[in-house]
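Heads up, the next two complexes both have chain A, just with different partners, chain B and then chain C.
Let's look at the complex of A and B:
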């Protein structure tokens, strides 16, 4: 059935109508092949204007519509709503920019503006004639998610998703849930015990009945894409069966003492460990590293439930999930690497995490503030902030929470030692928002002394048996030496490495921050979300918030209410070379069982980079098939520009197209010989279209995108540049001037500089003369 | 004469199941060099200059070396593939340039 195209031109209440002779244009358009109706109206966006189009569609006079009016960036919803109301597929609606990029920019050249408008309309008709209609695609999902990490972020995300009806598998590398938060003594701002919050969270999680927990389990492999991940899990043996009652008899007889950290003495910890104050799971676990094995077996003999089985083996599992939330958390920076502070070398030097262990009533000192190695009472404590942070030789970044953590710990010290001297060596105290209250309390109520200087050494005085911290006080200008029994290093956070996710992109800090600021939770690999300290250093409140954000993003993927159409593959043309699979920045394209590319609608972001790279032009987003683009390019009449060079420009929808619209809106004038095509990203521009343009006699082709580092899809501009460079080399060999094809970049507000660059390009073309292929 | 591969432009069709020139050569003469991952012609004598590889390469990295009987330096024969047309630029030994554009049905 031949298409029945309706061309509707808008006067825009005179803005367009005063420059262009719309009567003449619509009369000419009415004669083109495929055009059934061609009219002009005072304002197409008004109810009357919309009704004109609607009536034609309803009566079957037209089945495809060209709207020649304002920029497609404006009134997007107006015309989409119209299309939906009359049952017109949105891919049969083509917008033609006759305002911002025509009449507004070429007020002083009405004749050329007419020629440009005629060309633009003809391009729209040429593109719409072979167009196809598409409906959004949805795929079936099993509504299941994997959460990696059983700390507070992982548990929060799992609970939230489970409450929303999703089946969650939660894996945790250590034997028990709770992560670092379960080991804290108190957390701010309320100074309550973390076990309370964790218990409430755990109760809600268990109540959903939809969370399967695997402890002592790691992810060893991930394959697939959003909606269809296959994950390999390795479960280490616990050596304790589910009949364990948590009585602790094994702990009493175990001969191996285990120290909680490099500098703390062993307390009650042994080679078999119990869950401590947060019993999830309840079962004890044997620590393979320290346990002496079957040659000892004292725990096996004493266990009243016969729950210990030293013959257990590791287990491998494979699960299929729709999405993954990575909440693997953090590790403290290794303070032993800060040589001049003597961690691990000098007695009494501990980290802030060590102090949390000491402060707990079940810690090695029973919660009293005494020096761990010799039980000497602590009369003076010195905290060193930024230990190994904001330092080129250690961690270059700030971990953000160490200041507030130290201020919280000052509270601990005061609670058990009201007379102790407290000194804080700092560079800056970073306590945003109401955490300032912690700072005020530390100074005014707890009497802590703040010394603004980064200590260059912590030394041991063997005579007095105390530590000496030396620093330059930058506020008073004098050298300060503080003697203390205990020195606490506030070290920073480093992300826990999960080898299966090693290739996810990280920023310079090593954390998986995502694409800031637009999508912090989702990484480039669609379907994988990051929560908690795996994303960046953060305190507990922020971890919980980020976990909820990850759950919300994850849910949007799983609910799968697709609104976009993924690229279409023309299998009869495809030779299965795999370039689209290779170049997709999101890994959304993969090979199906026949070896042809298949795009996952849940993972596709619609950038079109696959279509830009396809050597055979057989994968395309709706509207960009090779027939539609050939129809568009061949509709251009390169000789209609009145001796001016004819330029075809592909502009990316994110920055370049709006920038040129902005130039028009501001009234900046430039030559009307530039014909523009809007593409989702310049990575979507196929070299074949540029070839078509040159072979049709178009004098020059511009590819204008976002600046290389600002491309919304990451690699669009750099791909466009490398493709154009390859083409230019070929053009040179063919004795066609390579300067005829150029890549430009612009920011969304750079209308003026873009217009200047375009003018330079046109001038260059004028010097080069007409295209050798021009008739 | 065997096709000449521009090693800067050739990317070995990285990570793809089969390089395009390797796939399309009717004589199975193109291969990827193990050392640098780029394409090369394995058997110069057997190449009959069909130029399928030249047209297939997405980066335009392959150029034909014309047999001297047809035209020695500076003669050239270079195709440019569009969506539904192909253009041949012919440069003869005197440097005269002619261009022929043909429509095809490859869209």
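Let's look at the complex of A and C:
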């Protein structure tokens, strides 16, 4: 059935109508092939205006609509709502920019503005005639998610998703859940026990009945894409069966003592370990690294439930999930690498995390503040902030939480040693928001002495048997020394490495930060989300928030209420070269079982980079098929520009197109010989269109995108540049001057500089003369 | 007693006499003080850390007339321990060039004659 196109021109209450003769344009458009109705109205966005279009559609007089009015960047919702109300597919609605990029910018050239308007309308009609309609694709997913990491972020995300009805598999590398938080003595700001919050969380998680937990399990492989990941898991043997009652009889007989860290003595820890204060799971686990094995077997013999089985083997599992949340957490930076501070070498030098262990009543000193190696009471404690942080030789970044952690620990010290001297060597105290209260308390109530100077070294005085910390007190300009029994290094955080996810993009800190600030949670591989300290150093409150954010993003993806229409693949033309699969920034395009590209609607962001790179033009977004683009290019009349060079410009919707709109709105004038086409990303521009445009007599083609590092889709601009470079060779062989194509970049606010660049290009074209292919 | 001008105004024009590398070193310094603690040749409360701080405040004269510039023994502990990897030792030594010409330099005059003729 031939299309019935309605062309509607808007006076915009005179803004357009005073410069363009809309009666004349409307009359001309009415004569074009495919146009059934051609009218003009005072304001199309008004109720009356919209009703004109609506009535024509309802009565079947038109089935496709061209709106010649303001920029497509404005009144988006107005016309989308109209389309939905009358049942018009949104791909059958084409917007033509007669205001910001026409009358506003070409007030001083009304005749040329008319020519431009005529061209733009004809391009819209030419494109709309062969257009096809598309519906958003819903794919069915089983709604299951993998959460990697059983710390507070992983547990929070899992509980939230499970409550929303999603089946969650949670894997944790260590034998027990709770992560670092379960090992803290207290957390701020309330100084409550972390076990309390964790218990509440765990109870809610178990109540959902939708979380399957695998401890002692790692991810060894991930394949697939959003909506369809296949994950390989490796489960290490626990050596303890589910009949374990947690009685601890094995612990009493185990001969191997295990120290909690390199500098702390063994407390009650043995080669078989129990869950401690957060019993999830309750079952004990044998630490194979330290256990002496079957030759010892004392635990096996003494266990009343016969639960210990030293013959257990590892297990491998494979699961299919729709999405993955990576919440593998952090490790403290290795303080042993800071040579001058003597960690692991001098007695009494420990880290913040070591102090958490010491402070706990079930720790190696029973919660008393005594020096671990010789039990000497601690009368003076020196904290060294930024130990191995903000230092190019260690961690260049700031971990943000160590200041608050130390201030919290000063509270611990005061609680058990009211008379102890407390010194803090710092560079800056970073306690944003109400954490400032911790800083005030440390000074006012706990009487800690703050020395603004980063110590060069910590030394041992063998005569007095104490540590000596020296530093430059930058505030008074003198060198100071502090003698102490205990020195606590506030070390920074490093992310835990998960080998299966090694290839995810990280920033210079080594954390997986996503695309800041727009999408911090989702990484470039669609369907994978990061939560907690795997993303960046953060405190417990922020980890919880980040986990909830990840759960929300994750849920939005797997709800499969997709609104995106993925690109169409014309298999009969495709030669399976695979370029689209390779170039997709999101890994959304993959080979199906026949070797043809298939686009995952859950992962596709609609950038069109696949379309831009296809040598055969057989993959395209709605509106960009070969026939539609051919219709658009053929509709251009290159000779209608009154001796001016005719330029076809492709502008990206994110920065370039709005920049040019802005120039028009500000009244910046430029030549009306620039015909614009809006594309989702400059990477969506296919070299074939540029070729066709030049062959049809258009004098010059501009491809304008975001600045290279600012491209919203990552690599759009750099791909466009390399594609245009390759095209130049072809053009030379066709005896067309390669300078007739140019790639420009612009930020969304750079209307003026974009216009200046366009003018320079036009001048260059004037010097080159008309296109040899022009009639 | 009350001072006539209780605040010492920061004026940075003296810094134009500094070479660009020394200027950059002074600007990059975050005043952590580690080099000050490390220095073996501290004299009269002036140290590499203090020198950089004074430069940041534009107090070039105080630096150039100090004894500290000449007490540096070149052990380079300061440069080695700097968390910003600034070459503090080189800056101190470079300042000697300016200091030698200063009318109130603490550099022994008879040696200056030997060097400059």
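FYI, the second predicted complex is superposed on the first by the 771 of 775 C-alpha atoms of A that agree within 3 Å, B and C clash if a C-alpha of one lies under 4 Å from a C-alpha of the other, contacts with A are read in each partner's own complex, and residues count from 1 in each chain.
What we mean here is this: a contact is a pair of C-beta atoms (placed from the backbone, for glycine too) under 8 Å apart; a residue touches a chain by one contact, two chains touch by 3 or more.
All figures in this text were calculated on a predicted structure; none of them were measured in a lab.
Superposition of the two complexes onto chain A shows chain B and chain C fitting side by side, with no clash.
In the superposition on chain A, contact of A:617 is made with chain B only, not with chain C. Of the two partner chains, chain C is the only one that A:454 touches; chain B does not reach it. Look at A:689: by the touch rule set out above, it reaches chain B but stays clear of chain C. By the touch criterion defined above, A:472 lies against chain C but remains apart from chain B after alignment on the C-alpha atoms of chain A.
When the shared chain is aligned, chain B comes close enough to touch A:576, but chain C does not.
Touch criterion met: A:773 reaches chain B, while chain C stays clear of it. When the two structures are aligned on the shared chain, A:392 is found in touch with chain C, with no touch to chain B. Between chain B and chain C, an angle of 100 degrees opens at the CA centre of chain A in the superposed model, to the nearest 10. Comparing chain C and chain B on the residues of chain A they touch gives the larger count to B. Least inter-chain distance for chain B and chain C in the combined superposition, rounded to the nearest angstrom, is 39, based on C-alpha atoms.
In the complex of the two chains, the chain A residues touching chain C come out as 340, 386, 390-393, 427, 452-457, 470-474, 477-479.
Residues of chain C that touch chain A in their complex: 30-38, 42, 45, 47, 49-50, 53, 77, 81, 83-85. For chain A in complex with chain B, the residues that touch the partner chain are 573, 575-579, 581-582, 591, 595, 613, 615-617, 625-627, 629-630, 633, 687-689, 691-692, 694-695, 723, 726-727, 729-731, 733-736, 772-773. Within the complex formed with chain A, the chain B residues making contact are 6, 9, 13-20, 23-24, 56-61, 63, 76, 78, 80-85, 87, 89, 91, 97, 99, 101, 106-107.
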